[in-house]
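So, here's a batch of structures to check.
Each of the next two complexes has chain A plus one other chain: chain B in the first, chain C in the second.
This part shows the complex of A and B:
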């Protein structure tokens, strides 16, 4: 079943090193649509990524830094890229050596398409 | 506060010449909505171009947004309209301090001292004098001599860095707000919880331990890195912030340098 997000998520997942891309409800971390590689649990990725992004947003507001845009978490074996709007968070899980610059650009393009 | 914002917005819509734009823009600024606060302040200034408080407010908003020269110019306007305005003098001093013009910063603070209502100018003068011990316009201090200056030589005037312990308390570094006060403790406490959430996410996503978090906000770009292992910093963080539009790659390099400096400092303390 395809949704309004399917084409954008497909384009994101075609980027080199991208393992998963998804659109998550910003308020509750529920996955709305995803494009995952075999063996990944979309609900779990959505919940964790959504929770991390919400925490960053709350912390930035508490620190007086205003609203949060793009966010990147780099770990030993992978990278998590997040880009949020008022209601949606776009999530990309990638290999550690993926080209984050390209992924970020593609995510911004996708966010504009959603808007 | 949201009720106040709504009420003030409605009042301003009814009467665009009302001075209610001042508390409205201030409230938006405090909520972190700097861009919106700037719009409100600029519209207010169109109708009240000689209102010193409005220029002071715009200066603080611009400083929040990282436009230090714009903020300086606005405070300069405040000083022309109200020569004893201590907030403007302190703001200008803060910017000159950030730019390394310590002599000028001290002069401005000395001018502000007789009009200082909250008693903060004397300690600010001390800070400027300590920083300039080697000569005017130079910040050449031994970074290891005072924890708050640990990263001073690694950062430009538009960057700040600090090291936090596991509880979010500041171990080293500083973060100066638009009014010249060190707000590292407040910023650190607010940001420290992100690392716990990051550790949880990476654990469950099976992507190993987290190495860095970089995120963009309206007022700054921020990098977080785990503090180097030591008894003092175990579970802590190195936080680096810079003005918006700072390239994220550059920010991460600066954060790496600050983390290395932290490791050296902790090693000296232990050894």
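This part shows the complex of A and C:
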């Protein structure tokens, strides 16, 4: 079943090094649309990534830094990239050697397309 | 249950039987509130299950309501039968997180629940005398 986000998520996942992409409801932490590889647990990633981004936004506000834009979490085997607005969060799971700068640019482009 | 409450960051949690009998609770301050909540949760679960059967042929598996303070009701299947799980949470957590940790709780409950009680076969006339003699022999040390 395709949504208004499917084409954008497909384009994101076609980027070199991107393993998964999804659009998550910012308040509920539930995936609205996703492009995953076989065996990936999208529900868990959506819930935890959504919660992480929300806490990051609250932390930035508490620190007087204003609203949060792009967020990048580096792990041993790759990077988790998040870009959110008031209602949606765009999540990309990338491999270690992926070009995060390029991914960020594509995510910003996708966010503008959603808006 | 303690791990669920800590991980999910919920305000209230109740584990009960479909009959309304409470098994565990977190966050309630009065026993009367626990009993009332259990009775209502059991009724909601029974009603929603029946509604699901009428509409879809199978009972609804979960219930979510609310916007600022939210309620989530789910059923956990164990060897002893179903348990009902009710939780109330707010903006400190999210529905996705609650559902995720609730799925883990269901697995842990199924693993921790005691096995179903063994069904004893009814004693018949033909076996009664044999069983009696066997037990008497064990009692008097002849076996």
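In this text, the second predicted complex is superposed on the first by the 115 of 115 C-alpha atoms of A that agree within 3 Å, B and C clash if a C-alpha of one lies under 4 Å from a C-alpha of the other, contacts with A are read in each partner's own complex, and residues count from 1 in each chain.
To be clear about the criterion, contacts are C-beta pairs under 8 Å (C-beta built on N, C-alpha and C of every residue); 3 or more make two chains touch, one makes a residue touch a chain.
In this text, all values refer to a predicted model and were calculated from it rather than measured experimentally.
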- Query: chain A superposed: clash or fit between chain B and chain C?
  - Reply: fit
- First (chain B), second (chain C), both or neither touched by A:86: neither
- Using the superposed model, measure off the angle between the directions from the CA centre of chain A to chain B and to chain C, in steps of 10°. 110
- When the two structures are overlaid on chain A, which partner does A:76 contact: first (chain B), second (chain C), both, or neither? first
- Message: With both complexes overlaid on chain A, does A:28 touch chain B (first), chain C (second), both or neither?
- Response: second
- Could you look at A:63 and tell me whether it touches chain B, chain C, both or neither (first, second, both, neither)? first
- Once the structures are superposed on A, label A:46 by its partner contacts, choosing first (chain B), second (chain C), both or neither. second
- Least Cα-Cα separation in the three-chain superposition, chain B to chain C, whole Å, stands at 10
- Message: Per the definitions at the top, what is the overlap between the chain A residues touching chain B and those touching chain C?
- Response: 44, 48, 51
- Task: Name, in rising order, each residue of chain B that touches chain A in their complex.
- Result: 30-35, 64, 186-187, 190-191, 193-194, 197-198, 200-202, 204-220, 222, 241, 248
- Message: Please output the residues of chain C touching chain A within their complex, sorted ascending.
- Response: 91, 93-97, 99-100
- For chain A, which residues are in contact with chain B within the complex? 44-45, 48-49, 51-52, 55-56, 59-80, 93, 96
- For the complex, which residues does chain A have touching chain C? 24-25, 27-31, 43-44, 46-48, 50-51, 54
